[in-house]
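Starting off with a structure, shown below.
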Amino acid sequence: EKYRARKRLPFKLGLQIVKVVLITIQLSLFATSRLAHVSFLENTQFSLDHLFILGWDVTREVNVYPPGAGPLAVYSQQSYFETLDFAVNAYHDLDNLTVSGIGYTDDTVPPVRLCLNGYRRARVFPANLSYAFDAHVRQRCLDLRPTPVEIQKHNFSTRAFLGKHDFNVSFVALTRTTLSFALNAVRLKEMIPANEPDCYRLQAALVLENGGQDGRMLVRMNVESHLKPCNGNLETSGDGAPLKVFFTIISLLVIAVCISSFAMCMRSMYRAQLLRIETVSLLHEHFEYDLTYEEQLRFLNLWYVLIIINDGLIVFASLIHIQLDIDLIPSPIGVETWNLCAVVLGAGNLLVWVGMLRYFSFFKSYNVLILTVKSAMPSVLRFSVCATISYAGFVFCGWLVLAPYHLKFRTISKTSETLFSLMNGDDMFATFAQVWPRSSMIYWFSKLYIYVFIFFFIYVVISLMISIIMDSYETIKAFYRDGFPMSPLDE
Amino acid sequence: EKYRARKRLPFKLGLQIVKVVLITIQLSLFATSRLAHVSFLENTQFSLDHLFILGWDVTREVNVYPPGAGPLAVYSQQSYFETLDFAVNAYHDLDNLTVSGIGYTDDTVPPVRLCLNGYRRARVFPANLSYAFDAHVRQRCLDLRPTPVEIQKHNFSTRAFLGKHDFNVSFVALTRTTLSFALNAVRLKEMIPANEPDCYRLQAALVLENGGQDGRMLVRMNVESHLKPCNGNLETSGDGAPLKVFFTIISLLVIAVCISSFAMCMRSMYRAQLLRIETVSLLHEHFEYDLTYEEQLRFLNLWYVLIIINDGLIVFASLIHIQLDIDLIPSPIGVETWNLCAVVLGAGNLLVWVGMLRYFSFFKSYNVLILTVKSAMPSVLRFSVCATISYAGFVFCGWLVLAPYHLKFRTISKTSETLFSLMNGDDMFATFAQVWPRSSMIYWFSKLYIYVFIFFFIYVVISLMISIIMDSYETIKAFYRDGFPMSPLDE
Amino acid sequence: EKYRARKRLPFKLGLQIVKVVLITIQLSLFATSRLAHVSFLENTQFSLDHLFILGWDVTREVNVYPPGAGPLAVYSQQSYFETLDFAVNAYHDLDNLTVSGIGYTDDTVPPVRLCLNGYRRARVFPANLSYAFDAHVRQRCLDLRPTPVEIQKHNFSTRAFLGKHDFNVSFVALTRTTLSFALNAVRLKEMIPANEPDCYRLQAALVLENGGQDGRMLVRMNVESHLKPCNGNLETSGDGAPLKVFFTIISLLVIAVCISSFAMCMRSMYRAQLLRIETVSLLHEHFEYDLTYEEQLRFLNLWYVLIIINDGLIVFASLIHIQLDIDLIPSPIGVETWNLCAVVLGAGNLLVWVGMLRYFSFFKSYNVLILTVKSAMPSVLRFSVCATISYAGFVFCGWLVLAPYHLKFRTISKTSETLFSLMNGDDMFATFAQVWPRSSMIYWFSKLYIYVFIFFFIYVVISLMISIIMDSYETIKAFYRDGFPMSPLDE
Amino acid sequence: EKYRARKRLPFKLGLQIVKVVLITIQLSLFATSRLAHVSFLENTQFSLDHLFILGWDVTREVNVYPPGAGPLAVYSQQSYFETLDFAVNAYHDLDNLTVSGIGYTDDTVPPVRLCLNGYRRARVFPANLSYAFDAHVRQRCLDLRPTPVEIQKHNFSTRAFLGKHDFNVSFVALTRTTLSFALNAVRLKEMIPANEPDCYRLQAALVLENGGQDGRMLVRMNVESHLKPCNGNLETSGDGAPLKVFFTIISLLVIAVCISSFAMCMRSMYRAQLLRIETVSLLHEHFEYDLTYEEQLRFLNLWYVLIIINDGLIVFASLIHIQLDIDLIPSPIGVETWNLCAVVLGAGNLLVWVGMLRYFSFFKSYNVLILTVKSAMPSVLRFSVCATISYAGFVFCGWLVLAPYHLKFRTISKTSETLFSLMNGDDMFATFAQVWPRSSMIYWFSKLYIYVFIFFFIYVVISLMISIIMDSYETIKAFYRDGFPMSPLDE
């Protein structure tokens, strides 16, 4: 049996190796161009933040843990209006500010639009703790049009403008302020000779969030970008087309290889099924032995299933890739399309690599390891179920109690990440230390909770996990020494 | 025996599953509303910090480890008075500053009250190292009332005002300065339609702590908040009542389920006790065998005890929850009540999840794991006692020697957390690096201390822990293979 | 034998428990008062930093890893003089600045002294890369005496003053600038009623270090503090004496307990030696068997040695403690005396706790663990020797290559800490990431070096360590089951 | 056999110990002088950064992870010109700024040179998303010569100067701006008496990178330094020569020892080969037994190979060292030469230490450990191959998907470091937390990816690794107990 398997190997193995190489090339090319594309949009976002947000700071350009500071916010009426003024003045001075190909969407500079979301009526009288409140929410908008003098002197005042237009701002009634404007961007690229410029429409909105009514208005800027058709004349020595053609050829090659790999695996699986049916009837007739469901399952080679799945994923990703490159079906392409392609291609590539392990299982000394993993899996999974149930208890409990007092327990998902990290010995002291010590009951509860969790999970659960794996390893070693147990089928 | 257990299972198991589902729903609802509530108060605290504390900084709004900076403090007489002036001016300008529903407690703006705690008499003459000191502490207070002109120009000067009122500040005699004022807040909520506004009384105190007489006055602001009855007319499309009713129904359902679960467990335990008494007398009469205490204990099912405890906790938490929602017994509700409910509910929920493991112990392949934990526990606990004793030695030693020179050893509790984290491989280099190298003896002692601790605890103690768990696992595996040892009772 | 041991136990065990309790009380009292004392000096240092160092920043008050910023330094001639001016002006305005009991050492404000260390002659001509250089170092000093007008206006200019006194500053010849002045501090304490004030002489020196001649002068302030006798009249309700008496009584009790414990251990050891000599002669005469050195060593109970050592340490520490409290032998007490006492007391306390483990070794189930540690020790140590030799190779190699390009490899001691942390899974990514990528050879070498080190030490060395411990555990378990191997002596 | 080996030991062992000591001395001396040298250049870089880069900040002087802030950049036309002006003004005011021996390269201050790299023609019309673009890149340069008045007032304006010279800056066409100038530095050293001063030419370039055309111009300063011959008269008490002589003597001693060690190892290996040839013919003739390749390989002592390699490395490093000290072959010595010497010497030293382990293998109790490592190696390596293949899959997948959204996945090398650290339990929570949550698909993919990776690698792969090592240890222990298996050769 093994001999026949080995005779069939060389061609299939060769195909898989070609597949790995091709896919890794495709992946690298795609990753590089996606990184360039997404980085451009990220950096554009940062440069708009610098130009339009008053008090923006370089420390806000990195997303690190632990965070260095609280969120960007305005806390007083004066800074509220200053923030708005700053953005409006920057918008009208854009041509003198920007160091890149960003500009207005129209030659007659379109005005910035200010929208206030708020309650229809909301008055509060803190002195006697009373209010008059109509919770219906409405939106009021107004175009902000500075006078030429204000534009020239950069001293447009939103407060004065709103006063002039009888547009009063009641802060207790206000839930969100949005200052929106659009920009066009033309991006000239130098990286690869004669890459055509890209054109984008950037839809920007400076948002001041006041929904919590807690005296703190969070400030952020949303920028949405869409690729737009570009026109222009390009005088250049080379030509970008060959590159795209090269990309597309690689993708087509990958598709071809994957389809043939897919076909071969299907054929093998089909044959295995035929063999199964034959065996079943043979055993039934001659030995009166009916194969159990589990024994029949052994005819299904999971490696082939794995290869079929990864072939499917990669063909799908390659098709998206081709669409991204040569835009076959005209459609607006956003960042999400790139992300989808990346996720599918990444998952496919991961499975291709894992599938390579199959060819190691033909060597005895490598096989022992794969067999160990395979034999340990059921115990590990069963154990994981038990562990997960206690884990879930800790997650819910931690989230409920610590969410308002601890950064790392703010959401269920974060709580789970925190506990998972603790369980693997990470960031333990910081987790202890980052409780706001506002309530001593919570403070001491958090200590106890973390100690118990760590003690139980590191010393008991993980040790048991190691025991299980070791036990399987011993078993497999013993099988090698003493022979594998045989099912009736093998006999 | 097992068969009978299984026949009884379905209903009890169903009840437990219903319980888990209901409690998790209740927990999620409660966690969400508590998070919103506590976050509002936290954010209000931050916005007051921004408005009233001179030199407040966004980096102080996160509680992270390692800390980014030393504490907020004033170091000179001038900044002392500037800090006071800033707060007083902000208070009188509140209506033009705030972007939320915060206001004075009275229409005639009540004055800010300045209180100085200090020694009755304290003069120091550094030049000849002498002093005249009466350590009796007294408090002197004064209302700060700026003139209308000062209010308008925001230039109230505390120093001048005190001078005018013959209220001298002697810094060496001063141990604490408190600037206290009260504010009312009306909070309009938009999240759920027609949630009624909440009203709070905020008791704020800007405190400058000078007890250490070390030239550094720590500045902080304490804000205490209390819910107050609110009156006002609410014009709105929906109605908040159904939501509260829904919350209350969930709580009542949970109570009902828990009480029935409690009843069933009590019944089972009662029956087990009857059985025990019967068995004892039976064995005594027929076999002249007296059950040992330990054998009798086997009639007490610890799973039932666990379920009874969690039922008790959850019923208690649900009652508090109902009180929080519909305010049955009129009482001032502070944050501590919410916290208490969260802790009790969280602990109950954790135990409910852990209790679910019981139902896995009916399957043979899961049971091996639970049995391992059970059989390893005595050895693990005995070992923990030995480990804890050496651990205590290290904690006391570390705290004594390193407390003044190392952030992470400042208190006994912190020292224990530090060592516990080190033992699990966390934050090791940082612990080495964060010693202030002021004294070389301490510096080298700290290195030696950490090396020895880590070497001993990671390589010896933890390895032994793993050995113990593995040993138990092997034992249980052998029992499964060779049969469990039987006590006379089983026979 | 065991029976007799147990009969002797109760009294000794009681004594040890009393010892642990007393020492822990003493330790806690001492730790608290030391923390207060050292914190006062630390905080005074920080407040002087704020008052006298231009550009001092709260982020410099914490000693954290990773550091947030480079060192405090001046980079231009202007900021050099501004730094000096700032300190001199602050000194002369001290009475209006300070918020604590700090003052001049004399009523006639003593002048600040400026000292310049530098080469006798050093001129450089960068244009033609030549120099005239006499490497003899000399120090020149000058008292800085601002005019009353300058003092009043806080605008003393060092540059002008030096110019007026023909005291030229040549930056290339300058290696260190020191601005020194002394202050007296009287500290009033409120924590414990009627604690007497402490008086200190603070010798401060603002140092600008230019030894590297690299364009960056490091700025720091050294403050040395000495307790001085204080005089003054103290009017107070209570009296501080009883507290000190209480402290001293505790210390004396501890000394008494330790001496009796010491005496008992000596007696036991003496008896064991007598027994040894008898046994030796007995065996020699009757069985013609000579005890080996190792067998004779078994008569030396290492637990007693441990107890004797910790008794010695604690008595020594208690004597220093008494001296600190009641100042028996008049002497200037610096922070180092406190530190010495803390280190000795801490080490003693640690050993006392470890010594407690002895009493657990009388119980069979605890003993197995202690025996495992004991039996594993020789293998662990032997293994550690091998591991340490390879470790030393890595330390030297890492330090040599990475010292200038990596914060964590700057000194041999830091390198060792870094590798030790890596080996335990700490701060790995940061170690990879913190190489300055100035030289690509170094950059890639560092990656390779860290990968190899981690792979070898975590996967091979640590796994082996666990194997060794587990092996010992198995051995001891087998001994318990099958009986301990007997030496001829036991027979 | 062993006996003869031991008789030969003493001399060889002595030689190796002498070698370790000498090399470690040499390494320490070299490391110290290299650290001083490289630190000087680093600090000079920092001081030039402070003097010439507008907005430079001490937080940029440390290279830490996680980074505290985004990169230094300019975002507006105004700050672009201010950055240039600042550098030009600082350059012309250098003599009044610097506190070290830095100066112009010529007495007639050479002008600063401004170079603009950019597209030959590039105009964009964002309003109608069109462009005219010629992607040919060209460089235009201009010397900036401020007038004496501008120099005196430090108010040189680049914008005005360029306007005057008809040198227009089109930001969309601009890809890089370089402001370059040269400085000379004379470094006086005080550390060791009468060390001769060093002279450097510093080639500095302030670069503003605009290649991405994303509105953000990265600012950095490149400083290249070269040692230059220095002339000057040195009046000093001592003389630097002996020190260099001492260094050179150490290096020569090391070379001598290494060559003799090399010779002895070669002789031993030669003899072993002779023995092998004899054995082969003997066995062939008398027993008709042909030695297999593997059996013949046992005559090659890998320890000798190791020693020969480290001797080679150290001799090579020592020769470079001598060249660095006494400059035998005149050549420009850059930092890279120092780095090369450090890497070679470091690697050699590491191997020398590892080679010391050989002498432990002569003791039985140490040998067990070395044998375990040796016997586990094949399994560990085989296992590593399998693990590496799945690891590669994860690396490519993670890099592709997360590169644009996660700092730690930006390059393949960083991704591998991240995963390697995660696998060892480091920086887990931070890795979860640092995803920019811009795309929810990516956000959730990242969580899943990290969970799966950690689960698989920590719980399965690492546990298996431990199992393998333990298994080898057990095997070797059994060999010691039961005798080693013998090959025909041994028989």
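Each chain carries a letter (A, B, C and D) given by its place in the written order, and its residues are counted from 1.
Criterion: a residue touches a chain if its C-beta (ideal position, glycine included) is under 8 Å from a C-beta of that chain, and two chains touch if they have at least 3 such contacts.
None of these values were measured; they are calculated from a predicted model.
Trainee: What shortest step count links chain A and chain C in the network of chain contacts?
Mentor: Graph distance in the chain contact network comes out at 2.
Trainee: Could you tell me which chain lies farthest from chain A when each chain's centre is the average position of its Cα atoms?
Mentor: So the chain farthest away from chain A turns out to be C.
Trainee: I need the rotation angle between the copies chain B and chain C from a CA superposition, between 0 and 180°, in steps of 5.
Mentor: Rounded to the nearest 5 degrees, it is 90.
Trainee: For copies chain A and chain D, work out whether under half or over half of the interface numbers are shared, and give different or same accordingly.
Mentor: Counting which numbers both chains contribute, under half are shared, so the two copies meet through different residues.
Trainee: How many angstrom lie between the centres of chain A and chain B, each centre taken as the mean Cα position?
Mentor: From the centre of chain A to the centre of chain B is 33 Å.
Trainee: Can you work out the whole-Å distance between the CA centroids of chain B and chain D?
Mentor: A distance of 46 Å separates the two centres.
Trainee: Indicate the residues of chain D shared as contacts by at least two other chains.
Mentor: Counting only residues that touch two or more other chains, chain D contributes 68, 425-427, 466, 470.
Trainee: Strictly by the criterion at the top, what is the full list of touching chain pairs?
Mentor: A-B, A-D, B-C, C-D
Trainee: In the complex of these two chains, what residues of chain B are touching chain C?
Mentor: Result: residues 66-72, 74-78, 80, 119, 121-122, 124-137, 171-175, 210-217, 378-379, 382-383, 385-386, 389-390, 392-394, 396-401, 403-405, 407, 410, 425-430, 432-436, 438-439, 441-442, 445, 447, 451, 454, 458-460, 463-464, 466-468, 470-471 of chain B touch chain C.
Trainee: Help me check something: in the complex, which residues belonging to chain D touch chain C?
Mentor: Of all residues in chain D, those touching chain C are 24, 27, 30-31, 34-35, 38-40, 42-44, 46-48, 50-51, 57-65, 68, 96-107, 183-191, 193-195, 197, 199, 228-237, 335-336, 339-340, 342-343, 345-347, 349-354, 356-357, 360, 365-366, 369-370, 372-373, 376, 380, 408, 413-414, 417-418, 420-421, 424-427, 462, 465-466, 469-470, 473-474, 477.
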